[in-house]
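Below: the structure, in structure tokens.
Labels run A, B and C following the written order; every chain starts at residue 1.
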Amino acid sequence: MKYGRLILGVLLVCIMAGAAFASEDVIRIGVYLPLTGQMAFGGQLELDGVKMAHEAVPEVLGKKVELIVIDNKSDKVEAANAMQRLIEKEKVHAVIGTYGSSLAMAGGEISEKAGIPVMGTSCTNPLVTQGKKYYFRACFIDPFQGAAAAQYVFDNGSKKAAMLLDVASDYCVGLGKFFEDQFKKLGGELVTTLNYQSGDQDFTAQLTEIISKNPDVLFIPSYFAEGAIIIKQAKELGAKFMIMGGDAMDNPEMVKIGGEAIEGFAFTTFPYDPSMPEMSELQAQFTEAWKAKYPDKDSNANSALGYDSYMLVIDAMKRAGSADPEAVTKALAETKDFPGVTGSTTMNATHDAEKPVGIKKIEGGKQVFVGTVMPNL
Amino acid sequence: MSLAMFVQHFFNALTLGSLYSLIAIGYTMVYGILRLINFAHGDIFMLGAYFVFFGTIAFKLPWLPAVLLAVAASSFAGILVDRIAYRPLRDAPRISALISSIGVSFFIQNLAIVLFTGIPRPVQQPKILTGIMQFGAVRILPLTLVVPTISFVLVLGLLWIVNKTKPGLAMRAISKDIETTRLMGVSVDKIIALTFGLGSALAAASGIMWALRYPQVHPLMGSFPGFKAFIAAVLGGIGSIQGAMVGGLLLGFIEIMIVAFLPALSGYKDAFAFVLLIIILLVKPTGLMGEKLEEKV
Amino acid sequence: MKRTTRNALCNLLLLAAGAALLLWVDRTFDRYVVQVLNLIAINTILALSLNLIYGFTGMFSLGHAGFMAVGAYVSSLLILPQAQKQTIYILKPLIWPLSVLQAPFFVAVLLGGLAAALFAILISVPVLRLGGDYLGIATLGFAEIIRVVANNIVPITNGALGLKGIPSYANLWWTYGWCALAVIFIARLVQSNTGNVLKAIRDDEVAAKAMGIDVFKYKVISFTVGGFFAGIGGALLASLLTTIDPKMFTFMLTFNVLMIVVAGGLGSITGSVLSGAVITVLLEWLRFVENPVTIGGFTIPGVPGMRMVVFSLALLCIILFRREGIMGMREWSWDMLFRGRTRGGEAR
């Protein structure tokens, strides 16, 4: 009886397989991003950027580039499946993605076995590319970002810090740890660390405790939806200290949810923003192109990273002179001073893009780019 | 801990607890009458919040009509859910209806993701609710006083309906013995639809209050508060309307006070409710104020 | 030939044919198909374990994700290479002796299952006194508590960062080997005297008690065996995916398993096996609902999230229109094949 089921399964899968076949006159680039689920807000922004880049450069090596987009649903099992399908069924030459480090790690195991190069968009956890030959990323990593946040608040006069961390978020606990390490190294004091779990909406108990410890700064490396509510509740409880966050706070909706309460809030992010005072030519071009394509949405760092990820892959294909995965992988590893919207990109030994960390602040209800920080590690 | 801090924690707990109470009342009402744990309650709660969001932001309605419309629409949704997913299972084993309600819950959640996307949306708060009252170091939100008042009024109203009106009498009869009630000439399906309508209206009302306190709506916003409120209902004695109110407040106080006195355990905050649930189920399954459930043989 | 001899022979033949088929599949198909086939085996193990608890013993348990988490963590910690353990624990180092313990894959999975079984015994003592929906909620509560605890005990579980780079030993041989073991063991169990007692408890607990049956003892047995196989399923899933974290083990996971059991038929092993395959393939196939489809020049845009809508709708339809699932309580047997007519099966 067991085998009846097996045959049935095989048959069904074969029917599915018939739907897709690879042809040689196009170059197929897979995109796996969270378009639904908890991380959908980030995935959708990045997809906008990837699509825009694809429209700008629809061909490479004289062949058309085809984008195959698969939703990884903010879920690790789905992310592994999505990667599996891109490689096995869609026969992609390279993959772009994803937002969310845990998703990238699940997909990375698959691409590593298959030997297909992947360009991570904003998966900032150090473990994503660790020991991987084929996984790269267009963003900096959390130890770097956490250190930059610590450097920034310390240089601005904060000597006592508190943290409020989501214990169920890998991103949050990782970034918190790197902030703590650097802040202590600089000579600051961490007065208290409190926790909550994703999905919780009431932080008043934790915040009341934190306020009683009277820190100079509160570091909350949360996702923006929770972050905005934390800041709002902190202000309602009379918090006077500065509040600092990470790149997951970089979202246009942030201001709408937080309202007046998030005035003065600062966060680290990728070094691109439409409000940047000094833009490179490329950044100006991107901003213009964005306005033309999405007049009712602001351009943002995540979309810029999606854009850069696509361009990095195309650049590597050009330099390799082929779309062969091994050759592209080799070319990607040799990427040096590639001009991107989020700054110049050089792949280091661990396949992370070395670029400065941007700092943004909410002023007058708008996100304002303050400058960049290179932490002293 | 200073006195001011304790008072602050007290009011934090009052706000959270009274929100739990509000959701729990609707939960307990449906359970009390049908003995059905309505997993979809938290999702009707979410729908209510979304309806208000659309009413005020997309259609620019003033607050009061938006809220009334949202409550009516959610109430209708609840009746629809009962008609489609629960009524055909009245004679089936009780667990079938429970599984059906889990299915409905996932269905509404995922449909909401498809229709409204998974992105959290900001809710605009009316001006009168944003002012903060300050007494020394203690800061109190208007909602902290508004929500318990609403809960209290709703409890009184429901008790009146259940104990003093004809439909209420029928509801109580159904909870004792559905078949006999049918034989007595009561239109059982109508009364149950009314129960779901009322329960869903309560869910929507609490969803709206929740969205005012934590000003955003998203498709999964109902699942956590739903679980917590269910626990509150069990704590107070499931089926007992007064019990749900007390249970909700108690749960809010326990959650806040454990973090207040043992900050090191703050990461476990979400587990407290479940631990409490299991303890209550083992020690006093009827809850603090519940009637004794008789095992039918 | 005697019936029993014939059936035993047939079973052996079937196993051999299955092994040959696996060998062929493993060599012929690509990794995606193999991945789906592996998931089918794991989902079948999980469904069987829940069916034993709920379908055969009548205990409505929603704690499967918890058992799976225990199995997955225990076995993964035993197969993770030491060097990997040192690199991934970036928040706090892994405590001794876990940091140095190593076990072969089979032993690790077995220990994962045993740990889950132990856990099942521990919680069964308090919760199995409850019945019906209360039991469901209490077991759901335990599963949630496990998840919260897994997030917080960082020196053991690595908290939210989870475990990465788990060696992917789980191949078709392991998953289908364990799956066959689960089918045989649970089929034997429910056909045995113990199985009859379990079914008696399901059908009428009070009557069973009146017959002098130690209801509690048998419930604990069923719950523990179910927990054991859920732990095995979790351990295999961890090695198949090579990465786990507490966020994986939510109520959603339990819901998927419940769906398979209900669709297959409560109290039918054949049903669970069939629907384990059907639902797993359906879930994969439904991905197409979310992709843009082009039919004769028209492009229907993909709707993100539609997959779970269809999936939950399917569960609703089953529970509303075909509550007994694919098989009801019937079982497939060789007798059916040879006599050419349907029999009620022993499950009744």
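To be clear about the criterion, contacts are C-beta pairs under 8 Å (C-beta built on N, C-alpha and C of every residue); 3 or more make two chains touch, one makes a residue touch a chain.
Small disclaimer: the values here were computed from a predicted structure and weren't measured.
Top-ranked chain pair, ordered by C-beta pairs in contact, is A-C. The greatest centre-to-centre gap from subunit B, using C-alpha centroids, is found for A. Separating the CA-averaged centres of subunit B and subunit C is a span of 33 Å.
Here the spacing of subunit A and subunit B, counted between their Cα centres, is 36 Å.
Residue positions of subunit B touching 2 or more other chains: 113, 118, 267, 270. Across the assembly, subunit C contributes residues 148, 151-152, 304-305 that each touch 2 or more other chains.
Shared interface positions of subunit A, i.e. residues touching 2 or more other chains, are given as 36, 40, 167, 195, 197.
Of all residues in subunit C, only 14, 17-18, 21, 25, 29-33, 35-37, 40, 44, 87-88, 90-91, 148, 151-152, 154, 159-162, 164-165, 168, 176, 179-180, 183, 241-243, 245-248, 270, 273-274, 276-278, 280-281, 284-285, 287-288, 290-291, 304-305, 332 touch subunit A in the complex they form.
Within the complex formed with subunit B, the subunit A residues making contact are 36-38, 40-41, 44, 74, 167, 192, 194-197, 199-202, 204-206, 208-209, 212, 225, 228-229, 232, 236-238, 253, 256-257, 259. If you check the complex, the residues on subunit B that touch subunit A are 2, 5, 8-9, 12-13, 15-16, 113, 117-122, 132, 134, 137, 139, 141, 210, 214-216, 218, 220-221, 223-225, 255-257, 259-260, 263, 266-267, 269-270.
Residue ranges on subunit A touching subunit C, taken from their complex, read 1-10, 12-14, 16-17, 19, 35-36, 40, 70-71, 76-77, 80-81, 84-85, 87-89, 102, 105-106, 109-110, 113-114, 125-127, 130-131, 166-170, 172-174, 177, 195, 197-198. For subunit B in complex with subunit C, the touching residues are 35, 37, 84-85, 88-89, 92, 94-96, 98-100, 102-104, 106-107, 110-111, 113-114, 118, 227, 230, 234, 267-268, 270-271, 274-275, 277-278, 281-282, 285, 297.
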